[in-house]
């Protein structure tokens, strides 16, 4: 590695009026899957209402079984983009298939590479050729070193606007869906120039852990969190058990806000 | 899952004159990477000489670092195909990038989906549309259930010629590169209709363990093994520490042969 | 480490007329828990009937919950000893509490240190002072190196009659109770002077996997297997789902026997 | 489980003038090993100077190799006790051997059960009969459920003064010594009545991660942290690479203090 380990060049990534890796932790929120036009708009308005800055929503879903809901595809991206515009939010969505790169790039402000694709080197090289920020999630069982090398695949192709995202690793523990490895936050801060955010929704898989683990992430130095929000988690088409409802989301944003003002004093 | 769990329809896969999942365990062998025309031919002749039936060789290499040897690409596939023809062996090589599917399909008899791509669902769907056998390696930290679902992604698109390959999972143990989970062999035999082979080279990462773990794999019921062989492992461009030399390879083939004739009595 | 890594002094352990680490793999079998006098005797007679050589049975049980059956204690040891005498079998049972060392030593031919006590160094030191063979199970998440150091704790106190037992490690996979790490067999053979056996009952937690994994263990070079047997596994007080019934046990012994004659030819 | 899962009876543990599980997170600090009288006193005075409340120090050390420093034993406990008295601090030290229970109980205010002994049920039962608080560390690869059952072993014998301590679990990641599972903090808070502290020294094994992970622990809701401190970490007889020096320790205490006043507003 050469590029992302140059800690003398700490990167702050600017997208629109949002700064990632700056002084204020960001909040990325939205539904696991874009389900329909109304759903994503309703959630987007609440995300904006709580002063979060980026709207997430999956249109291409990497599902374990070929027989479950695979996402709305391009239609989902349209709904996401429209919701973002109406609510005044930036958008992020996952790119699964290298052949969809132009489509996804056309709709979103930030491209997400999911955990299952962290070792998909052709895909990493291609997003490395774009002029658009990339959120690179850590692989399910990727070591810190492999994860950083994956980022280097992107960087070495020219795109330095990379945001790492810790989202839990696979361990023997079954109480949580994954084990959120928050030590990755200060490690990445110490040995790379990239910002890092944390996804406690996937990282724990349990709604009641999202707020405390978000606070822990920020106390560890994370540049933000990415969480799943739904007005009715019980009825979400995917990942309902790890989505905050609106009340919980409001509480999360309030606490992060308090925290930030405390630290910036 | 519906298709691959139909154990009443046990599959035997025929490629040329080779039967996978039949009475005799197969041996797939060759270099980690195709390095040049001469290297792969020299190894192919020895693979044939020991009565193994399929030649493996990587042309597109999924390397952890973007700065290490990434394989010869299509040129490597040509060398592999020629070596296979001259030696009278079938060939298998890894498909990394969905955009290379036609190229790879044009050169090899069996397409390999590597460990890092087991969750690459678009790639699985595409090879599911081919009329060519696929070796599907288990992901680094994939559960048996996820692995079988990955096979179902292929099968549900029409291609039932799937050979599963256990290649070690990631655990806390650092003595070996991975932990070879041989219990996967009788499990897969019990709950799926697919043949399963074992790769003790990647599964252990240590040359001295390849022969005993190959014997163990076959004793557990595996339909074959896939091993790395090189006339000079110390000088291999990749994975030399887990490649057999020619003497060791001859011993492996001899032992598997004895074993097979014992069991078929 | 100094003592157990001296591979020039390969140990064969003799207990009564049984040789562990010699040419013939041994079979240790019996119930998970000694439940009553009749149960253990009935099983002992069948163990002997199949020509296995050592009877296992737990009297002190390390149970996850304080509220479940904790074993019969010394009474269980008496039943085990009597059953061994009547059937003409050596016996092995687990020592849990350092304060019970004299009691356990008085009843059994081999003392077992279980997985949960592999790091219990005071206990290891004490059995190191005995003149009685010890089976040392690998800890749930112990590295090969830690396991060997645990053996060295015993050896450095004078007792070199140590038999290592691979019994599965804890990984992310939930299909099996543990992941049986058979690569430990050739590794231990290569870097230590101690014999090694395999416990596929705990190593897989599933009855249908015990026979294939026993065969795999022996093909990998193991000096024997330890399995749980019960005339009525469904009614066993503990671990029924991983115990063989008598028919299955007979088949296992037959297959190991065939195997051994193959290898000794 | 019955006792420790009764969340209606949230426990606050009082030892001397210290309250664990109350409103203010506690700091437990001291050397990994008590090395001599002067060393532990010097460190104790600094621990007191920074307003931490409990002095830790190992006298019986569970070392991987039988040939490395095993601790000073009872002499070490004397030095620890004297240092505690002179500095005005409570003390905690690890009990390794059930036969030493009276000795250890005689010297310290809190008994620690280490990670390697979490499954040592006879030891848990015995400390369950004492009238002295116990810190119960999570086992290296113990699930939350097993850990809670271990606490139940203590509680069911009468001693409810149990403080759980998350100290990292064993995973595939080698950058850190263990993976600190901070999600255990809100989980334990939600399903048990016991206080929980975090040990980022063992949990990460790297000095530079101790401060951020301590802050994360407290933000996640931990009732305190336990850290290793040494005036000269490079020369510590054990665990120097994960010990804070005095400057770093002062900074840690300052930050925790700020944090606490923020949260108590």
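Read from first to last, the chains carry the letters A, B, C and D; within each, the first residue is number 1.
Following the convention adopted for this analysis, a contact is a pair of C-beta atoms (placed from the backbone, for glycine too) under 8 Å apart; a residue touches a chain by one contact, two chains touch by 3 or more.
Just so we're on the same page, UniProt names per chain: A, B, C, D = Phospho-2-dehydro-3-deoxyheptonate aldolase.
Note that this is a predicted model, so its numbers are computed, not measured.
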Exercise for review: Determine the set of chains touching subunit C that also touch subunit D.
Suggested key: A, B
Check your understanding: Taking each chain's centre as the mean of its CA atoms, which one is farthest from the centre of subunit A?
Key -> C
Practice item. Using mean C-alpha positions as chain centres, tell me how far subunit A is from subunit C in Å, no decimals. Key: 48
Revision key, fill the gap. Whole-angstrom distance, CA centroid of subunit B to CA centroid of subunit C, is 35
Exercise for review: Going through subunit D residue by residue, note those that touch at least 2 other chains and give them in order.
Suggested key: 141, 145, 170-172, 174
Point to revise | In the complex with subunit D, residue positions of subunit C that touch it | key: 1-2, 62-67, 96-99, 116-117, 119-122, 125, 140-141, 145-146, 149, 152-153, 156, 170
Study note, to complete from the structure: Contacts from subunit A onto subunit C in the complex sit at residues 141, 170-172, 174
Review point. Once bound in the complex, which stretches of subunit A touch subunit D?
Key: 141, 143-145, 169, 171-176, 179-183, 185-187, 190, 203-204, 208-209, 212-213, 215-221, 259, 262
